[in-house]
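Presented sequentially are two complexes of chain A, the first with chain B as partner and the second with chain C.
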Partner chain A sequence: MKKFALAGNPNSGKTTLFNSLTGATAHVGNWPGVTVDKRDGVYKKTPEPVAIIDLPGIYSLSPYTPEEVISRNYVLDEKPDCVVNIVDATNLERNLYLTTQLLEIDVPVVVALNMIDAVEKAGDKIDVAVLEKKLGVPVVAISALKETGLKELMDKAYKASLEKREGATVLADSSLAHLIGDVKIALKGQGVENPLFHAVKLVENDSIETEMHKELSPMVEEFKATFEDDVFGDDFEAIIADGRYKYISANFAQTVARKEKDRQKMTPSDKADKVMTHKIWGIPIFLAILFAIFHLTFSEDFLYLGAIFKLPSLEDLGLLTAEGEPLNYGVRWLACVYDGALFSPGVILNNIWNDMLVGELFGWLGGLVEESTMSAWAIGLINNGIFDGISAVLSFLPPILTLFLFFSILEDSGYMARIAFILDRMFRRFGLSGRAFMPMIMGFGCSVPAMINTRTLADEKEKTATIRVIPFFSCGAKLPILTAVAGAIVAYFGVGNADAITFGMYVLGIVAAIVSVLLMRNTSLKGETPPFIMELPAYHAPQFKNLMAHLWDKTKHFVKKAFTIILASTIVIWALSHFAFDWRFLEDEQINESILANLSKLVQPLFTPLGFGSQLGQYGWVFVVAVVAGLIAKENVIATFATLAACLMAVVGMDFGELAIDAEDGIDAVQAMVMATGITIPALISFIAFNMTTIPCFAAVGTAKGELDSKKRYVGTLLFWLASSYCVGAMVYTIGSWWWTCFIWIAVVALTVTGIVLVNKYGKNGRKLLWARGK
Partner chain B sequence: MPIVIAPSGRSLRIVRIAADEKTKKHLENLGITVNGEITVLSASGGSVVCKVKDGRIALDRDVSTKIFVA
Partner chain C sequence: MTKTLDQFAIGEKGVVKSVTAEGAIKRRLFDMGVTPGAEVFMRKRAPLGDPIEITLRGYELTLRKSEAVCVTMEVKA
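And then the complex of A and B:
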């Protein structure tokens, strides 16, 4: 099969085109650097099917960041049959800079002039025929979003791929033309492929190139020595860049007929940026948007209408029975939307999903199993093992999707890149650039794509530090732990506000990330903060199609996980908790004799400083099981709770009916565990904190291993996660239980900071000096 | 003068880029080259948003003190 590669500047619409051509739903966003790995699909409307390869965006073929290397290597080494060069028509000159480099390679090239609709909308025109003639390769005006011009583009690409094309350069008139020509002849004599391209890069002093053709360096240097330029001196790379841009503006600028003669005019995007990236207002606006997102997702008092107007609850309205249940089916629906206050959209969705759909479905299924003629242990396995575990996990789909939808809107509108910019100054104090913000905020969704996205960071040490703290940005799978435990604290102990606890834990994660970054950048990962240079895309309204594609992908991923890895884990945990070492089947009440109990009790003392170890008595090991199961996937924590709670309820002699609140969403499971173990509030919060900052999950660990450059860094990362979660958990528990221990922690922190500052100031020799002076 | 203190809203010509090799190359790829044009759109506390060709590029304080315009 023929291979066509999509190459172009970041955010020029390659992935949108890829999706349109292949029918895929790859992730699209309005910021540079969404795609960090190549992916392929098939286009079928050409005479024979062709493979389409979507590559990460590149500004030039001299890579700056690791993901750009992927694109360069693909185009040079994998020899695609045609390169489809996507060019953003709204920024033609800059985009053609890459085109002039692609043309130097001996490969058929077709230029796709994307976003032509945006150009026409602005009243400008681009003369495609002239552009085509000057470039010497086919040019097709397309709109990847509206799917216009795609057939023509692919037909021309197919036709181009049937013929060979020899590289051509726009530097023929440059003062370096002779030098490049000589090097090219030398390379050709050695049988090097793409001699023209390599010749130009060699003259440019491209680091990858000089490494590859070491034997030619003396010759190139000799040629160069005879050359001198008035403006640039011997900065060859600058001469070539200048040559390319000069050629572009001399030849192609005229193909664009602008409606507005004045290029200095502010676009609507620029005007919006005056406010959004404002020196003073930028950060408060960002915080307000974040708060609004959390409010819309979690608040049970939308816009605080209930508190402001003192709205009556369902009980006040006489719509509840004496037992506090809704009077009829209609009221049950009303209770999903309103109870003394209007719920926010996220909560409404959550209530409908859990009370009306998942709860009903699993209740019905459970009833069927209960009445069947299966043996007791099979009913136990299906109802308490599988159904409780899976439904506990599935019940968290609505808040995860709602949060994810809002982040997708931020991403698709173009605001994300601005946040990175306004946070850059703050990040710099911690030793990171604002670019690191992108992977971090992706961490709120899932650590795996977030860690892969660190490829957009040019500095290796910054990348390592970012990968290590990504799990602290609580991902979708950790959200259930937060809401279930926080809900149980409020329901059982009757203190605090569940939303406030959830939000507080998010903040705790961020603080832990900041402290860790500061610590690492001053000790093991010292280095200069890399510069922040980022293109700000024009704002645009979020695309409904994109948002739905994002949500669909997320849902698929979540449901698939629930029915594979989490299903398997719950079955294993149920089995281990219902069999003794001698393979005897155990009743729920005998859980303490199970294999699981005996194994967990061995490691239970380890968690004593964190509040959920030996002090919890004979059933305390359930928290240990949850933590360990969480290392596989964080959804397992809540699934494990649900599976084990069924047994614990039998032990403490209560049933679901005794608990005040509705039976779904894991809160009741946590309450059962609180009753059985007598765990305290600080220990529960320490449990959340530990789960948030520890080794994230198998998938994320695997990703981290792939992204980190050395085994040493990988092992260091695992140890870092264990150490940080243990410290954070212990700190939360001890300070929460005995407030005066905060003085001990302050002293420890102060000593550490002083130590680091002193060592950094005096170095290793200085330490010896101080030591000697002390003597 | 460096673009940090350059007037905004006016097309300026870049005369010197004093950044290290790697950064300079990346700037060139983005269209920020010696002899090229640049327009400062806004400057806040050292960070600068500028217009280069038809793109908008954000630079931190450190980089923007190293780009000199006339």
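And then the complex of A and C:
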């Protein structure tokens, strides 16, 4: 099958084109650098089907960023049959800069002039024929969004792919033409492929090329020594970049006929930007948007209408039975939307999904299994192992999707790039760039896509530091741990406010992330703050199609995870808790003899400084089991409580009163654990803090392994997570239990900081603290 | 009159004279179109005073003051 590669600037509509061509639902966003790896699909309307490879968005073929290197190596080594270079027609000048580099490679190129509809709408015109003549390759005006011109584009690309094309350079008229020509002839003599491309890069002093063609360096240097430019001296990189832009300005200015008077007018995007990045209002607006997102996703009192108007609860309205159950089916639906307050859309979605759909389905399936003639252990495996596991995981789909919807809107609209713009100064203090914000905030949804997104960070150390702290931004799967434990604290001890505890844990995670980044950037990951030279794309209304594609992508990913890793792990945990070391099948009553219980009792003392170790006595190991289960997937933590509470009830006939330990929210399951172990409030908070900052789920760990550049960094990352969670947990527990221990912690922190300052000042490669340099 | 880009007042216009940065920053500036002769319009500063936003070659670019120091400009009236 023929291979066509899509190449172009970030944010030029490349991924939209890819989706339109292949019908795939890849991630699209209005953020420079959303596509961070190459993806492929198939286009079928050409005489034979062709594979379409979507390369990462790039501005140049320089050797400095991973995206550029991926794209460059693909085009040079994989030898696609045609490169479809997508060019944003509304920003021709900068987009053609990449085109001039692609044209130097010996590969057929077709230029797709995208967003032509936006150009025409603005009243401008682009002369496609002139462009085609100057570039020497076919040019097709298209709109990837409205899907116009795509057939013509692909037909021309197919036709172009049938013939060979020799690279051509726009530098042919520049003062360097002779030098490049000589190097090219020398390379050609040695049988090097793509001699023109390599010649230009060699003259540019491109680090990849000089490494690859070491033997040619003396010759190139000799050629170069004879050359002197009156403006740039011997800065060949500058001469070549300048030459490209000069050629573009000189030749393509006349292809664009602009309506001059419009130039001065503010576009709607400019007006929006004036407000969104306003000197005074910019930051409050940003905070308000973040708050609104979380309110719409999680609040059980939408717009605080319930509190303001003192709305009656379902009980007050006489719609509940004496047992507190809804009177009829209609009231059950009503209870999904309202109870003393209107719920926010995220909560409504969550209730309908869990109470009416998933709950019903698995209740019915469970009933069928119960009535069947299978053996007791098979029924246990299916009902307690598999069904409970799957429904627990599926119950997290609504909040994850709602959060992702909002983040997709921010990303698609172009606001996400402005957030980086607004926050860069703050992030620089910690040795990161504003770009690191995006992966971190995505961490609130799910660590996996967040870690993949760190590929947009060019600096390896910044990337490592960001990956390590992403799990501290509590993800959707960790939220149920927070709400269940916080809810149990309020319900059992009758103190505090569940929302305040949950919010406090989010803040704790953020603080832990900031402290960790500062620590790493001053010790193991020292380095200059990476540059922040970034395009700010024009604002546009998010496309419904893109948003849906985005969400579908997430759903697929999550459900896949549910049915693979998490399903497997629930079965493993179920098996470990129902078999003894001698492979005897154990009834629920005998869980004390299980493999899991024995392993957990072994490591239990390690958790004593954190409050959920040896001091909890006989059943204290359940917290250890929950932590271990959480390493597989954080969804398992509360699900494990429910399973183990059921077992404890069976073992010792422990009476948990009226607690519904299999309830979806897990609050009662946690309360049962509190009753069984007598764990204290500080220890419970330490437990959630530990889960938030420890090694994330297997899926995230796997992603981190793939993204980190070396095995050493990966092992370091795992150790970092263990150490950070242990410290945070111990700190929370000891200070919560004995307030005066805060002085000990303060002393430890002070000593550490002093130590780092002294080492950095007087040690090798002495330098000032990053914090101080930031100012 | 010449001055570096970070010294520009909001609304000021100029033409790039030279770029003095090194390595990745220099190349990135070139790739994004900050080359001698390019017209630049200073649009705004971020709420915290840094980075800055400029209009260049028909699009919006943001860069830090520490990077803008490397760009010497000829101020246009």
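In the analysis below, the second predicted complex is superposed on the first by the 738 of 775 C-alpha atoms of A that agree within 3 Å, B and C clash if a C-alpha of one lies under 4 Å from a C-alpha of the other, contacts with A are read in each partner's own complex, and residues count from 1 in each chain.
Here is the rule we go by: contacts are C-beta pairs under 8 Å (C-beta built on N, C-alpha and C of every residue); 3 or more make two chains touch, one makes a residue touch a chain.
This structure is a prediction, so every number in the text was calculated from the model and none was measured.
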Touched partner set for A:Phe406, first chain B, second chain C, both or neither: neither
First (chain B), second (chain C), both or neither touched by A:Ser62: both
Which of chain B and chain C A:Met426 touches, first, second, both or neither: second
Chain B versus chain C as contact partner of A:Phe387, first or second or both or neither: neither
Which of chain B and chain C A:Glu93 touches, first, second, both or neither: both
Chain B versus chain C as contact partner of A:Thr277, first or second or both or neither: both
Touched partner set for A:Phe532, first chain B, second chain C, both or neither: both
Residues of chain A at both interfaces, chain B in one complex, chain C in the other: 59-60, 62, 64, 90-94, 97, 231, 237-238, 241-242, 245, 277-279, 282, 421, 424-425, 428, 434, 458, 531-538
Chain C - residues contacting chain A, complex: 19, 24-33, 35-38, 44-51, 53, 57-64, 67
Chain A residues within the chain C interface of the complex: 59-60, 62, 64, 90-94, 97, 231, 237-238, 241-242, 245-246, 249, 277-280, 282-283, 421-422, 424-426, 428, 434, 458, 531-538
Chain A-touching residues of chain B, taken from the complex the two chains share: 9-11, 19, 22-31, 33-36, 39, 41-42, 44-47, 49, 51-63
Residue ranges of chain A touching chain B (in the complex, touch as defined): 59-60, 62, 64, 90-94, 97, 231-232, 237-238, 241-242, 245, 263-264, 266, 269-270, 273-274, 277-279, 282, 417, 421, 424-425, 428, 433-434, 458, 531-538
